[in-house]
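One structure, as structure tokens, below. Some questions next.
So that you can tell them apart, the chains are marked A, B, C and D in the order they are listed, and the count of residues begins at 1 in each.
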Amino acid sequence: MECRHETRIRVRYAETDQMGIVYHANYLVWFEVGRAEFMRARGLPYPELSAQGLELPVIEASCRYRAPARYDDQLTVATALDLLRSTRLRFRYEVYRGQKLLATGTTEHAFVNRQGRPVNLAKKKPELWRQLERLLGTPAGEGKP
Amino acid sequence: MECRHETRIRVRYAETDQMGIVYHANYLVWFEVGRAEFMRARGLPYPELSAQGLELPVIEASCRYRAPARYDDQLTVATALDLLRSTRLRFRYEVYRGQKLLATGTTEHAFVNRQGRPVNLAKKKPELWRQLERLLGTPAGEGKP
Amino acid sequence: MECRHETRIRVRYAETDQMGIVYHANYLVWFEVGRAEFMRARGLPYPELSAQGLELPVIEASCRYRAPARYDDQLTVATALDLLRSTRLRFRYEVYRGQKLLATGTTEHAFVNRQGRPVNLAKKKPELWRQLERLLGTPAGEGKP
Amino acid sequence: MECRHETRIRVRYAETDQMGIVYHANYLVWFEVGRAEFMRARGLPYPELSAQGLELPVIEASCRYRAPARYDDQLTVATALDLLRSTRLRFRYEVYRGQKLLATGTTEHAFVNRQGRPVNLAKKKPELWRQLERLLGTPAGEGKP
């Protein structure tokens, strides 16, 4: 993974379940933390996108669980941009405890306006689109689909 | 508890923690389900209050945990109005598994408008206020503080 | 989807986010409710599997979000067995509001023992394995991959 | 608050609700993070207590919400020991955004063994009890009830 951003997460008691491991849905929440920090690190924090009338609801999510995370673990969430199109983008994630890979996943997001309508960013908000292209560091459409 | 409403809840795996019992914060979520059903049963469902520009954010919450709830338990959440004032209201709750009382709690709510500002309902929305008084079945201010 | 089980879910306020729609990770929790009811309806409730020393941790999960669910929506989660092997099984899910399909998804589960080790159910617990085959209603390995 | 520990929390999107503010139950989760870091800072991390057969389930929790926290806020959770007895302890919490106090709360915890039975720590585990007394920095029973 090149151009990825790493975020540290400490597992909360609330995130465990009675199997003694982290409940699987929480990885999607960690992915959210990962991409928020990825965007912030690139100068495009979510609240600013939102202030510009752009929301990025999740339209697809997936996760493969290889080994369980446990209470109090210190994890690293590595986030990378996987795809950038004028109507959507996709991130991919790897969750590590030390060197051990615990999980991998992806989330795909639509570009929508405040009313929740899909927008073609290149057409409707060309300035923001160029900023995204430039800051996210991949020419549009170069991600591996 | 007179004039209370009973709602059934089935404990989700997601709600357990590694102690093998329900994580304590989830009781507040069940209280939310309890008061939503209480309000619906009285003809004042939350979405309708919201449509009239009224929100009821929680300003205080408390819970006493007497015995743990466990995965797959079928619980009863008994909800009653505890206090009704022109600026706020309070509910109280009891959580049972069968006859066994597992937890008791309260939540207090401010009346706020869409902008999040506190409102004196009796003054600002007298019609809605009279409706609340009538439907919630207790004369305003008669709850046990 | 044949042989599927339908469960009713009411969206909780806790499940919404500031976009005014359900936060995406909660669909995985609803899937959990869906398969729990699926298994219960077939006479194999989770607590009984657990009592027999069998756990079914999620090893893969995916969800496609087509249209947002909102607070207080009454949803139907339709659950079907997608695959049954001696070491794992897979469910698939559809979430509806009325006739409208909101989301589809899958979860895959390993068979593990109390120590969290993978088990070949057909070899290690043949009786439970035959029960699973019979009750889940599909000959092993006949699911559409 | 003397002898308190401060932890930093960044608000997650998952923690917001459709009112555009943090859903109230999440403060209890932040309190959990606060006391975990409090204990770690005093050399008594939760996993070590658990390894010694001691669990601290919540028996009472309360929270007053003064001003809403919002997505992406950086918060400080200040945690202090409020009471230490041989059968239970209590923490109190303050949540700040910068200098602004957003919420205050308490949690009370029983000492229980692995089987979930209450234990008198001073009698059953005198060494751990003395360690707790010493490290938590308040003579037993001196907290303000």
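Throughout what follows, a contact is a pair of C-beta atoms (placed from the backbone, for glycine too) under 8 Å apart; a residue touches a chain by one contact, two chains touch by 3 or more.
These numbers were taken from a predicted model, which means no experiment stands behind them.
Chemist: Find the chain most remote from chain B, comparing centres computed as mean CA coordinates.
Modeler: With centres defined by C-alpha atoms, farthest from chain B sits A.
Chemist: Could you let me know which interface, B-D or B-C, is made of more C-beta pairs in contact?
Modeler: B-D
Chemist: When the C-alpha atoms of chain C and chain D are each averaged to a single point, how far apart are the two points in Å?
Modeler: 35
Chemist: With centres defined as the mean C-alpha position, give me the chain B-chain D separation in Å.
Modeler: Result: the chain centres lie 25 Å from each other.
Chemist: Per the centroid of Cα atoms for each chain, what is the distance between chain B and chain C, given in Å?
Modeler: Taking the average C-alpha coordinate of chain B and of chain C, the gap between them is 30 Å.
Chemist: Would you pick out the residues of chain A that each touch at least 2 other chains?
Modeler: Those would be 13-14, 19, 21, 25, 29, 32, 71.
Chemist: In the complex of these two chains, what residues of chain A are touching chain B?
Modeler: 13-14, 16-21, 23, 25, 70-71
Chemist: Show which residues of chain A lie in contact with chain D when the two form their complex.
Modeler: Going by the criterion above, the answer is residues 10, 12-14, 29, 32-33, 36, 45-47, 71-72.
Chemist: List the residues on chain A that touch chain C in their complex, please.
Modeler: Residues 19, 21, 24-26, 28-29, 32, 55, 57-66, 68, 107, 116 of chain A touch chain C in their complex.
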